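Chain IDs A, B and C follow the sequence of writing; residue 1 opens each chain.
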Amino acid sequence: MSAGVRLAALIGLLALGGCVARQESGPVTLVFKYARILGNADPLPGLLREFEAAHPGVRVRAEALPWTSDDQHQFYVINLEGRSPGFDLMMLDCIWVPEFARAGWLLDLTSRLGPDELAPYFPSAVASATYDGRVWALPWNFNVGLLYYRTDLLTRYGLRPPQTFEELVEQVRRIRAGERDPSLDGYVWQGKQYEGLVVNVLEAFWAGGTGLLAGDGTLFPDPARAAEALRFLRGLIESGVSPAWTTAADEELSRRAFGDGHAIFLRNWPYAMDLFESPGSVVRGKVAFASLPGRAHGQRGVGSTGGAHLGISRRSLHPVLALALARHLSSEPAQRAIALGAALSPTRPALYRDPAIVREHPAMPELLRLSLAGHPRPVTPYYLLLSATVQPEFSAALVGVKRPERAIADAGKRLGYFLQAVR
Amino acid sequence: MSARLRALADALVMLALAAYAIPFFWQLLTSFKPEAELLRVPPLLPSRLTLEHYRVVITQSLMPRALGNSLGIASLTTLLSLVAGVPAAYAVARLPLPGKRLLLLAIVASTAFPQIATVSPLYLLMRALELRDTWAGLILVHASFALPLTIWLLAGFIREIPIEAEEAAAVDGAGLIATFRWVLIPLLAPGLASTALLTFLFSWNEFLFAYTFTVSEASRTIPVALALFPGVFEVPWGDIAAASMLASLPPIVIVVALQRFLVQGLVAGAVKE
Amino acid sequence: MTSREAAARRRALLCVAPTLIALGALTVYPGIWVIWLSLQRRIPIFGVSRFAGLENYAFLAVDPRFWSAARTTAAFTLGSVALEVVLGVAAALAIQGQRRGRRLSISLLLLAWAMPAVVGAKLFEWLYHPAAGLINVVLGYPINWLGDPGVALPAVILADVWRTMPFVAVLCYARLLAIPDDVYEAAQVDGAGRLATLTRITLPLLGRILLLAVLFRTLDALRAFDIMFVLTGGGPAGTTETLTVYAYRALFQTLQLGFGSAVSVIVFALVMAVAWAYLRLLRAGTVAA
C-alpha cells in the first residue's frame, strides 16, 4: 500500500473512532426517560431541581418518551436489548415490568429497599412491580378505568349512573331522544388499534365473566363468552350508541369529544377529570365518575388498573443516585406535588385522604374506593407479546371485517404458536 | 396558438402545480397558526401569525440536535460513498476487472435490496460492535446502502468522458492518481454533483435504519425525531408542523437550487442502461 | 498476460476493494445471516435461541395476517404505481407544453419529492384529521380517513403518490426534452392532430423510460415502510399493514428475531423476483428497440 493510502486509512479510522467515543468528562448526569406530565403546572422540573440541589454535582436530564404506550415500549425494547441504553431512570408502564425484569434489563431493588419501604403503596401496584419474588421498580402513579358521565344530563332525566351496560344503552337512548342533538354521542371509549383497545376489551371480558388468561395460564378459557363480549362492543358502534370514529379513538380523542360536551358517557383514566374541571372547560361542574358498568347477566363492572413505575437500568453507571432519584420522585411530598399540580393519581392510599389534595380534587376518596376495586391486566412477562398479537384481531372484530368468534380463534392460534417457543 | 393563450395555458399549469403543493403550504400555514385556532376550523386562515411553535421546537425539542446529526451523517455518508465509489466506478467503466459481469450484476441487484431484509442482522451486528447510537454506525450502513447506486451512476458518467482525455494525460506521463485529480474529476464534476445530491437526500430521508439504530439525541436523525415527537397528552399539531418545516428545509433548498443536477442524476440512472 | 495488463488488473481490484469489503460486510453477510435467523426461534428477551428449520415458514404459509399483509402490499403497489405513472406523465407533458415558467413548475413539484417520507406522513396525518383536517373541512363531510378500514389504504396510497409522483414526472420530462423538435414538425406536416401526436409519437417514445420508472417505483413500493408505519402503524385492523410493517413489528415490537426474519426473507425474495422479471423485460425491450 502506498503511503498516501495508508495515511488516508489512518485518518478515516481516527475520524470514525472520534465519532464513536462518547463524552465522559463533566459532572454526573442522570438521564431520566419519562412521558411528559400534563397539568396546570408541570411539577416535574421543580422536583428535579430539588433533587439536584440536594445532590451537588449531579445533573438530571429529563428526556421525553415517544407518544403512545406501544411506541414507548418499542423504544425501550430496541434500546435496552441493544445493550447501551444511555439512560438511568425509566418511567415504565406497569405492564412492562415483568417483561423487562425477565429480560434482565432492570436493576433488582429487593436488597436495596428498606424492610417496610413498600408498605405505604397500593398492594396491587407493588404486585405489578414484583416478578419472581423480587422487586424491580418503585410505584409512581396509579390509574384505574372509570366511567365519566354528564351529571346535568342524567339529572335532567332522573337517572342514576348505570350499573350495567344494558342500562347505559337505554339511558343513552332516552337522553338522545330528549335532547334531540345530532352531535351528541352516547358512549365514547378507545377502540383504536393500540394498547388502549386491549384495556377496553379486557374490561368487557371481565364484565362478561371471562378473561384473556386463566389462573393456570390457559389462553381464552371461555372463547364463547369472550366472543360475546367482543360482539357487544361491536354492537355499540353498529347501533350508534358509540360513534363510528371510536375505531380510531385513543384516550385523547375520546376525552376531547366528551370535554367539548359532545358525549354523555366516557370511559377513561383519572387524569381526564382535572381537564374537565379546568377553567374554560365546557363541561366544568357537570362531570362525575363512577364504576364501569357490568353486564346484565355477567359480573359487576370493574376498571382496569394501570399506572407507571420507576425502574433503574441494570447497565446504569450510577445506580445509587438513580435509586435516590426514584425515591425522591415517589416520596410522599413529591406525589402530593404531582397530584396537586398535575393530573396523575398517587400510588400512596394515604394521599387520597390528604386535606390539601381533597380540597383540590373532592372526588379523591371515591377514586380511592374505585382504585382498590380495580383489576390488573395479566401480570406476566408475555403481556406485551399477548397484547401485540391480539390488538389486530380485536380491531378487526370491532371494525367488522372479522366475526368475533373468528377473531378470538385466530388470536388463540397465533398466541399458541408464539408462546410455544417461550413456555 | 396566440401568445396570450399560451401565457394563460402556462399560468394554468403553474396554478395546477401550486395546487398540487397545497399540502406543503397548509403545513407551512399550520406552523404559524396560534394553538387555540388549530382545531377550530373553519375559518381556515389564522387571525394572526405566531412564531410560538418554532420557539417551542427550537428551544424545547430535540430537533436542533437532530438537524445537526442529520447534516453530519448525510454529509459524511455522501463523502464516504464518493470516496469508495469513484474508484470502483472507474474500475467498472474502464479497467479490466476479473468477474466484471458478475460484479455488475451484484451491483444492480443490490440497488433492489429491501432494507427490512437486513435490519435484523445489522441490529445484532451493531449491538455486538457497540456502534448503536453513534454516527459511525449509521454512516457505515447508509454508505453501504448508497454505494451500489453511486457506482452505477458514476460508471455511466465516466463512460461519457472521452477516453482520449485520459490517454492524452497518460502520454504526458501522468500516473493514475494524477489522471484522477487533474483530468477525470473536473470532467466528472456535474456527475459527481448529481450523485452526491441523490446520496445526500437518501441519507437525510432514511428512516428504517435510523429508527432502529439510534437511541438518544446523540445520533438521532431528523426523520426519527419527527416520528418520535413527544406529545404532552394531546398531539401538538402546530409544533409538529413547525418541526416538519425545519426538517424539510435543507433538502428542499438543495433540491430546488440544484434542480439541474437532480434531473441529470435521475435521467442518468434511468437512461444509462 | 503482460505485466502491464497484470498491473492494470491489480489496480482495478484495488479500486473496487473498499466497495467489496463494505458491501460484503454490510449487505451480503447480513443477507445470508437473515436467512439463517429465519430458520431459528430467536427471542432474546426470553433467552430463546434454537434451530427450528422451516417452522416459521410453515406457520406463515397458513397465517391469515401474513396473507392479508401480502394482499395489502400488492394493492398498495399496484394502486401507487398506476397513479404515479398516469399523473407523472400528465405533469411531464403539461410542463413540457409550457413556454415559460418551467423552472417554477418543476420547483413546485419537487417540494413534495424532496421531503422525507416521515414529514410527508405527518403532513397527511394532519390533513386527514377527522375534525380539523383540511380535506374534511373542504369536503364538508367528516370522513374517518385513518380509522375506517375501507378508506385507510387509499388514504395511505394518496399520501405516497403525492410524494413520489414528481420522480416519475421529472424522469418523463427529461426524456421528453430529448425528443428532437423535427419529430413533432414532421408529424405536423403529416397533418397529425394533438391527440394523434400524443398517442402515436410521444407516448411510444416515452415507453422505455416509463418502463424504467415503473420498475423503480414498483421496487420502491414493495419496500415501502416509512409512510404507513408513521401514518397508521398498520391499522386500522391491519388494513394498511404491508409485509414490511408486519416484518418490522414482528422483529422489534416483540423482538421475535427468528419469526420476523422469516417475513423479511420473503419480502427480500419477492422484491428480487420482481426486479429480475422487470430486468428480463427490459433486456428484451432493448433488443427490440
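As a working rule, a contact is a pair of C-beta atoms (placed from the backbone, for glycine too) under 8 Å apart; a residue touches a chain by one contact, two chains touch by 3 or more.
If you're wondering where the values come from, they're calculated on a predicted model, not measured in any experiment.
Ranked by distance of CA centroids from chain B, the top chain is A. A count of C-beta contacts for the chain pairs A-C and B-C puts B-C on top.
Each chain gets one centre point, the mean of its Cα atoms, and the points for chain A and chain B are 38 Å apart. Here the spacing of chain A and chain C, counted between their Cα centres, is 37 Å.
As a whole-number value, the distance joining the C-alpha centres of chain B and chain C reads 16 Å. Among the residues of chain B, those touching two or more other chains are numbered 123, 212, 227. Contact of a single residue of chain A with at least two other chains is seen at positions 78, 81.
Residues of chain C found to touch two or more other chains are 252. By the touch criterion stated above, chain A contacts chain C in their complex at residues 70, 73-74, 77-78, 81, 99, 102-103, 192-194, 244-245, 247-249, 381, 384-385, 388, 392, 395-396, 398-402, 410, 414, 417-418, 421-422. Chain contact summary for the complex, chain B toward chain A: residues 62, 123, 126-127, 130-136, 139, 177, 212, 215-218, 227-235. By the touch criterion given at the top, residues 4, 16, 19-20, 22, 31, 35-36, 38, 63-67, 71, 75, 78-79, 81-87, 251-252, 256, 271 of chain A touch chain B in their complex.
Listing the residues of chain C that touch chain A in their complex gives 41, 43-46, 48, 59, 63-65, 130, 142, 144, 146-149, 233-239, 241, 249, 252-256, 259. Chain contact summary for the complex, chain B toward chain C: residues 6-7, 9-11, 13-14, 16-18, 20-24, 26-27, 30, 38-42, 44, 83-85, 87-88, 90-92, 95-98, 103, 106, 108-110, 112-125, 140-141, 143-145, 147-148, 151, 176, 201, 204-205, 207-208, 212, 222-224, 226-227, 237, 240-241, 244, 247-248, 251-252, 254-256, 259, 262-263, 266-267, 270-271, 273.
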